[in-house]
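Here come two complexes built around chain A, the first alongside chain B, the second alongside chain C.
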Partner chain A sequence: MEYKIKTGQGQTEVFLSGRMTFADHEKFRHVIAAFEGPLGHQMVFDLDGLDFVDSSGLGMFIIARDTALKRNLEFKIRGARDDVKRLITVAKFHKMFDIED
Partner chain B sequence: MLIMAQQPRRRIATDGVSGEVLKRLLTGTRLDAAGETADAGVLVMADMTSDRLALALERPFRGYVEFRADDDMLADRIETADGRGDFCLTLTTPTAFSAVDTARVVCDALEHRGALPRARRSTVEMALHETVANAILHGNLGIDDDLAADVAYYEAFVDQLRRLLEQPEAHRRWIAITAWWSDRELQISVDDEGAGYEPPSQFSLSDEDQASGRGLAIVHALADEVSITKGGRCTALRFAHER
Partner chain C sequence: MSANPGSPPTLYGIDLGIPLNERRVLIADDSSFNRKTLARFLTWAGITQVEFAQQSEEVLARVDEFHPDLVLLDTTPPRMDGIGVCKSLRQQPHHRDLPILMQSAVNSDQHRTICFQAGATDIISKPVNPGECIARVRYHLERMSLIQELREFRERVERDLRMARSMQLALVPEEDKILEIARPRALDIEMHFRSSDEVGGDFWTLFEIDDTKIGLFIADLSGHGITAAINAFRLHTLMSRLPSAELLDPAALLAQLNRRLNDILTIGQYATAFYGVLDTRTDCLTYASAGSPDPILGRHDGMMAVDASGVFLGAFAGETYENRHVAVPPGSFLFLYSDALTESLDQEGEMLGEKGLLAWIKDVHASGVDRPLDALLERHAARYGTHLHDDLTTVWLQRH
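Entry: the complex of A and B
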């Protein structure tokens, strides 16, 4: 997994790319460290560049959401496609998250 | 007069392996290290990475075994890889964790061999990946992923994972992926060397807000049949080609 973080007015976008798997927990810790901002600041995971995600990766989405909640930030996911979108559906994660196309 | 038939010696191919070390490890067996050769059943490979293994998997070997200089079970691993299934890959836990994208390269190999139709690739790769992840994390590393589910313990989980991977025990535990196929179906089994577990009677993807424990439920949702044997140390998947 690779990631880029872009912070702007009112929101921080995290662009995830490649394959997000059980081998990425260490790297994901750095993503979580970027969860900062004033009350209501929005953290956005952009999955458009992500080719593959596994159940550990889905678990990281929950960690991200709960971290945002703990720090009074908003959290949403956008741009899932192909296999990533399919796994989110199979795992019923679309019922738990605010996910935009 | 009793005539004892001598079993023929079997040639194995090698890649990046020290000849002297290999010779020592194979002393007293009927295996011959032949170096670069196409007529062997098994390739023994050092320094496995996704790229190196992907190239090797395009060659027509039946079995692929990771080489470790301290592996005194190497001959047994080679015999198993050569005699079991139509395809077999055996590698250590740290290699399967991060050096090799295991499910992807195995699916590439199966596609290359005509065993995995393009239309089924995505389903098989997702299910195999989850099965391999389960064998590594819960099998060989014995990690408790309840910690991964809670934001308060996530840092501790990541630290625990790193420590477990650094321990010598991780390098002494292997996983083996074996595949069999026909015109009608593909079967893949994943064996680990962990403590095993008692599988639940039912796997379900509930709507509960859980960060872990979904892997095998996803496998059950994707594969046509899943069987867990050897006390939880072997998970076998079956995929029918017709849908």
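Entry: the complex of A and C
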């Protein structure tokens, strides 16, 4: 997995790409470290570049959502496609995540 | 000349570090003056277990008898063919890691290259200076003991993982038990469970509910390794404590497991699960699912993926699940599997995927083989190998 973080007015975008798997736990901690901002600041995971996510990867989305909640930030997932989109649909993530196409 | 016991050895009044008195060194040198000098240097490093070889022919035998931790090897012909000795030592697998320090009076780069090519760990130029000699001996001995520690640690972890794998295997229903359940209901149940080298979090079980109903449960704890395996054991314990009345209602059972797992698991850990109750009297499979891979159902009217979408167990509090129904009449089969089947990578880095799997199952089914699961797994092993990074669970249930 590779990531790029872009912080702008009112939101921080995290662009994830490649394959997000068990091996990416350490890298993901750096992503989580960027979860900062004033009340209501929005964290966005952009998954357009992401080709695959395994069960550990989906667990990382859950951790991200939990971190955002605890720090009073908004959290949104956008741009999932193909396999990634299928996996988050199977897991019914739309029930607890803010998801945008 | 030897250091006082208890006080660190010194040279030029410099503390040379922890004495290496547990270590053994073999000095292979044809000059008695050199042997004595080197032995004296070693005493400054606290090394007193020293033996000697005077000519090439002796060295291999001395190494095998004395088991040195390091060899100081001279390269001056004719009586000491250091290059030849070094090569011979390296040809023996158990001496591959033995530190060999060569002493050389020839300081050309060409000669040094020949020494390293022969397998020398390091080279000390002659005349040998005590400070440098001690520093290099110490460095290579310390490096060697680090490698040994790592190797021992690795062996211990591998033993633990092997043990964990065999414990995990014991959770899977035994063949006798499967036959006992399958036979009276005109079912054929083939199953295959393969634990990954690192152990994983797969778990499945099968049980009788009454004369016509059986329960089939398959789960996969997120992640890999010991954490996933321990969570699989926790899930197994939760399952075995459920009152039998709850086994009839898959949605209620998953909601119950979700509540319990939610209390136990840390954020980001969860389980995918599928639980179905097959009634052979009504031909109906009632199931609920928590984001498991879609099982494949093969019936007279075609082959289809059974929708197994649902929120993971243990990830979100208070989640509810729904019961869904699908007809599984005699002559049909149901195939359940864990994601290692579709998500393993082949040599080109490609996954089989759900579409690929469905195509393979169609092939296998059309070929009319007796044991479709074996055929499917053979094909899988040929393309993805047998050492997968995740547990692989597959269950093929055929109704007659």
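The rule is simple: the second predicted complex is superposed on the first by the 101 of 101 C-alpha atoms of A that agree within 3 Å, B and C clash if a C-alpha of one lies under 4 Å from a C-alpha of the other, contacts with A are read in each partner's own complex, and residues count from 1 in each chain.
Following the convention adopted for this analysis, a contact is a pair of C-beta atoms (placed from the backbone, for glycine too) under 8 Å apart; a residue touches a chain by one contact, two chains touch by 3 or more.
Please read all numbers here as calculations on a predicted model, not as lab measurements.
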Joint occupancy of chain A by chain B and chain C, clash or fit | clash
Look at A:Thr89 in the shared chain and tell me whether it touches chain B only, chain C only, both, or neither; answer first, second, both or neither.
-> second
Which holds for A:Asp66: it touches chain B only (first), chain C only (second), both, or neither?
-> both
Of the two partners chain B and chain C, indicate the one touching more residues belonging to chain A.
-> B
Return first, second, both or neither, reflecting whether A:Arg29 touches chain B, chain C, both chains, or no partner chain.
-> first
Among 41-49, 59-67 or 221-229, indicate the stretch of chain B whose C-alpha atoms run into chain C.
-> 221-229
Using the superposition on A, tell me which residues of chain A are in contact with chain B and, in the other complex, with chain C.
-> 22, 52, 54-56, 58-60, 62-63, 66, 83, 90-92, 95-96
So in the complex, which bits of chain C are touching chain A?
-> 220, 222-224, 267-270, 272, 291, 294, 308-312, 315-316, 319, 339, 343, 351, 353
Listed in rising order, the residues of chain B that touch chain A in the complex are 97-98, 101, 104, 122, 125-126, 129-130, 133, 136-137, 145, 148-149, 151, 154-155, 157-158, 161-162, 205-207, 209-212, 214-215, 217-218, 221-222
Any idea which chain A residues touch chain B in the complex?
-> 19, 21-23, 25-26, 29, 32, 52, 54-56, 58-60, 62-63, 66-67, 70, 82-83, 86-87, 90-92, 95-96
Could you please specify the touching residues of chain A with respect to chain C in the complex?
-> 22, 52, 54-56, 58-60, 62-63, 66, 83, 89-92, 95-96
